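Here's a structure for you.
Chain lettering (A, B, C and D) follows the sequence in which the chains are written, and residue indices restart at 1 in each chain.
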Amino acid sequence: MFLLQILANGIVLGCLYACIAAGFSLVWGVLNVINLMHGSFIVLGSYLAWAAYNGLGISPWITLLVAAPLFYGAGWLMQRGVLNRVIAAPVLVTLTLTFGLDLMLNNAMLLAFKADYRKLILDPPLGTLALGSVVVPVDRLVAMLFALVLTAALYLILRKSRVGRAIIAVRLDRDAATLMGVHVKSIYAAAFGFGAAMAGCAGVLLALIFPISPLSSTAYLGKAFVVCVLGGLGSVPGAVLGGLVLGILESFGAMAFGPEHAVTLSFGLLILFLIFRPQGLIGRRGFD
Amino acid sequence: MTTGARNALLVGAVLLLAALPLVGDTYALRLGTFACMYAVMAVSWNVIGGMAGYPSFATAAFFGLGAYAGGVLLSKGGGLAGALLLSGTLAFAGAMLLGVVLLRLRGHYFAVASLAVAEVLRELANTATDLTGGGMGLNIPLAATSGGPQAEASFYFLLMWALLLLTLGVVLALERSRLGFGLQCIRQNESAADMIGVNATLYKSLAFAISGVFVAMAGTVYAAWVHYIEPPDVFDILFSVKPIVMALLGGLGSTAGALLGAFAFLAIEETVWRNSLEIHTGLLGLLIVVLLLFLPNGIVSLARRLRGSGASGG
Amino acid sequence: MAELLRLESVSRRFGGLQAVQDVSLSVGAGEVLGLIGPNGAGKTTLVNVIAGVHPASAGRVVFEGRDITRLKPYQTARIGLARTFQIVQPFPEFTVLDNVAAAAMFSRGGMGIAAGRQAAAEQLDFVGLAALAERPAASLTLAMRKRLELAKALAMRPRLLFLDEVNAGLNSAEVEQAMALIRRIAASGVTIVLIEHLMKVVMSVCSRIVVLQHGALIAEGGPAEIVADPRVVEAYLGKKYAQASKAGA
Amino acid sequence: MTGLASPPMPRPLRRLARLALAAAACATALLPAVAAAQETIRFGAPLPMTGPLAPEALKQQQGYDLWAEQVNKAGGINVGGRRMKVEIVYIDYQSNTPRAVQAAERLITQEKVHFLFSPFGSGAAKAASTVSEKHGVPTIAPTASSAQVYDQGYKNLFGTFTPNETLTEPLANIVAQKAPGVKRVAILARNDLFPLAIAQEMEKSAKARGMNVVMFERYAINTMDHSAVMAKIKSVSPHWIFATGYINDLVLIKKQMADQRIEAPVVTMIAGPAYQEFIDAAGKGAENISSAAWWHPAARYKGTDVFGTSENYNKLFQARYKTEPDYAQASASVAGVLFQMAIEKAGTLDRAKVRETLAGMNVMTFYGPVTFGPTGQITSLEPPVFQIQNGRNVVVHPPSIRQGEFRLGVK
């Protein structure tokens, strides 16, 4: 029955949402900065994949490996150069500042790539896979798997690596971390770098599925917001859970109320969670 | 120069603006109307953002609500006065109700929730097709002003200008009132304010409502003025961000700063838009970044710093 | 003397932590009650419960015969209950005068800005801060800030005043001045509950003392009795000293 | 008022920033535009050069520029014996309707243009028409087909797209004739003025022929993922899927239909398949998708305008832009042509006279026969229906310019 199909759509979409939101949630959780450029970073990642594939014939899977360090570096520099000045500033300043930066980034992309929609069409198209009555496009499936791998990688980095532990320490208690000899400024830069890298890689994956244009950055940002609040701030598993919940809810919601209500549903959910459960589904005041 | 003198100077300047219809052509009047509209938004936002210290991104929601509430009444034959009254009361009541729930949040959470309110309202306007025309937009009939474009442009300019005066009157009185004093307490230390008897929930909701009522009325005037509105235009996120940039440009916290910031912002935006076809959005972004990084206290402090005097204005 | 405040088996839990446990207590009008106990005994939490910052999980708080258990902080402030903060909480950008004026304006009866500033000037004279009226609160020394807290509390024309470690961090000369001030406040008819660690202050100012440990009331009585009570000594200094004091007494 | 802590910053940089900002702040915004040179006729063209509608704006600009170049090459417009050059003044309104209205007013009052082209699309054209009506400036809308655009009783607004039903009626006829088995129709429309209006017309045309509209859904602007509604379409198993939107919406919808292996005997999309960009992006999936538009390069009209015949227009366009023209570019060019013919016939630049001539016009152009109805919308076109067959648009109706047979089955 097609309910299975809707569930499958919801799950695949949910994993993509998780990948979109994980980096955003990390930056918001650790730096307490809402990065409105997150959507544009994702679109930039898509352009990278498109340019690499159409220009140099490099397949998106390889571009993925290149995108991670590239965006990490870009994010690191942007944080040290610009955002570090306003880290302690009230939310008003940081939110408006990233809004201004996003205007610049979006306009630059518009000039560089023109506004027409670009499409990354794999030469041997991956086609679709039928599992019983459920039909799933292979490109989305592969993108979903990579998305999960990426999110898991971020989770492991935060858990196992030195810089990851430092990021968590800063998130839990900035002053205590400083006393432990953690160089907070470079940790902020690292966290922002990881956030940007996640966005860039998500962009590469999304290039396979959606048309690429600077104008879809707001759509990605909207999803990142909802998933991040749903799942719980700064929590990677929270992002995965939030993504899945949103993906499934949107799929079934669109069926029940009609597709044009999907946006209303997601933002309505956002408000409800902000008011009644700001720490999200599984997020805690601390870290997960 | 004390605050009182500076406020009087600025209100005087606004009064002078009334002469624009005599001297300006329809385009100058259009710019003047936009300037007054931006000023109403910036001054109103300052009540919740500057005075109470709650970073509201709901200005677009109030503007869109006013545009559609007033627009629907006008398209069904209602008078302009009735439409203004309707959108004003709707915004005030809506803000009070919403405020009780929304204002329990603080900082980022409040900012994001207020941002989401505009998104939800826009989608509701988009889907309630039979009431609002949905994605097909709403026709608002040409108001019965006889006379050519100059007369109509002057009419709407003076209407928006009068709304600005009303807003300034209320907000300047508020600034010196007990409510204004209480809001300052809340901004500086809300728990201390609680302990000395300030009813923070009520005061914050009142501030949120006042920050919405005149913006909604401006939305109605806007709808009557352009005769055709679509949800994405009147619920545009820029209507939430620009007033904040104007308040920051003018110097956060003071009504005069917001007013000055609004006119300065319009001048910059118009110059940038007029002279560069391709990169004006980018330049607007650059303005915001430069402003926030190098001039956090806005033009008011700029003037003071340029004079190098230690005058304790504001 | 008439009973001003009565706690009927009040307790407060934060998740698993039982911060205040079944406290029953009554405070007479005009008294200076000392509320003492080791750190973390739940003294400040008890005050927060009474003031409505954290509503009681169980039991009742009765003030002047009226049940105020469910009232919010701003409501208790308006019926004559005032408190100072352990960690000083000024309005940084306001002047000293406006800090006190705010308290006068929004508390009992409430008044306009001008009247508020007038009342504030009087309170500043009373606590000796008149000279610093126009200075921003953020620029005051710790001792001066403590006095500002006191002035703000007095500006609320309280009937019951909670002083939460007003003397913490002050040197001996400043403590002497603070004690003189507290005596003058008590003399003006305000009932005071003094949360204090400095025994010198407690012994000389308080008419009755109540001891709290692990959120529960373990002793009540005059200053002399309390000091000798083994349970109190044990709570502060541990068992060994308690036996010694019992043997020695 | 200490406000926010100002960041640590080297002194010179801060002074530089302060000066730059102060200069910008007092730059006078109202500096009047340079006085218009007398010997050129200026046409105002507000376009969404940035923002979501940028691809569509590019097409309009190509149509206008081609016309202006041809006219100036032929010596300009003959205004009562005097030859005058043509100049098109562009303003970008960032796909934001309020700014489109402001751009129109700026073109009229500041740039002193003689005549105006409407901004892109039905919504913005309608909003801007109020300004040109107030100033009495004849305006031609090359890309506004919904009747609702012309329902405000304005005299100065003309449109070169015939109403939406002139597209849906021939489509419904052909499908009823060629595929009598088609009974169940699923409609998916973008929640926007033109796409929604034409979807509603489609519903009427389908019901008029006894077809059962089993689904009518709207999708929000900027929707990225349609998989939910695809599942719904699959559940109603329609014979005919009718989707409306702009190029990127329709490319996305076609791909996601293929993603879920949705097939149907007839799939029609409006305002997408006519464009080469759609065919390139949709790839093999575009095979047999039908559509309709107000003009098609296969047209063979003999006009009395500067381009003359449709073939000549194709040739000139191909030479200039290296691709075949589609209806959007042709409509923009004919808007210029109609202004030219009206000015030459009226022999003056007087706006009222030119408006009179336009209203009463009955001419043949490369774009087809042109007469305007009472509301200003053109009524004389017979929009061709076409289908994508092995990567090319093939006209299947009207019979006069037919290039191939209507085929069923879209994978």
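Here are a few things to note about the model shown:
Please note the rule applied: contacts are C-beta pairs under 8 Å (C-beta built on N, C-alpha and C of every residue); 3 or more make two chains touch, one makes a residue touch a chain.
The model shown is predicted, which means the values in this text are computed figures rather than measured ones.
Compared on C-beta pairs in contact, A-D and B-D come out with B-D as the pair having more. The chain occupying the central position, as judged from C-alpha centroids, is B. With each centre defined as the average position of its C-alpha atoms, the distance from chain B to chain D rounds to 35 Å.
Per-chain Cα centroids separate chain A from chain C by 50 Å.
Here the CA centre of chain C is 75 Å from the CA centre of chain D. Multi-chain contact residues of chain B (touching two or more other chains) are listed as 123, 126-127, 252, 278, 281, 287, 291, 293, 296. Residue numbers of chain D whose C-beta contacts span two or more other chains: 1, 4-5, 7, 9, 50, 191, 218, 220. Looking at chain C, one finds that residues 93 touch two or more other chains. Pairwise, the chains that touch each other are A-B, A-D, B-C, B-D. Taken in their complex, chain B has these residues touching chain C: 176-178, 181-182, 184-185, 188-189, 191-200. The residues of chain B lying in touch with chain A in their complex are 49, 55, 57, 101-102, 104-105, 107-109, 111-113, 115-117, 119-120, 123-124, 126-127, 237, 241, 244-245, 248, 252, 278-279, 281-282, 284-289, 291-293, 296. Of all the residues in chain A, the ones that touch chain D in their complex are 2, 5-6, 9, 13, 85-86, 88-90, 93, 107, 110, 114-117, 119, 121, 125, 128, 130, 135-137, 140, 210-211, 213, 215-216, 218-219, 250-255, 258-260, 262-263.
Of all residues in chain B, those touching chain D in their complex are 24-28, 30-31, 34, 123, 126-127, 134-137, 139, 142, 148-149, 152, 226-228, 230, 232-233, 236, 251-254, 264, 266-268, 270-271, 274, 277-278, 280-281, 287, 290-291, 293-299, 301-302, 305-306, 313-314. Against chain B, the residues of chain D that register as touching in their complex are 1, 3-7, 9, 13-14, 17-18, 20-22, 24-30, 49-50, 90-92, 94, 96-98, 101-102, 105-106, 109-110, 123, 126-127, 130, 134-135, 146, 148, 151-152, 190-193, 196-197, 218, 220-221.
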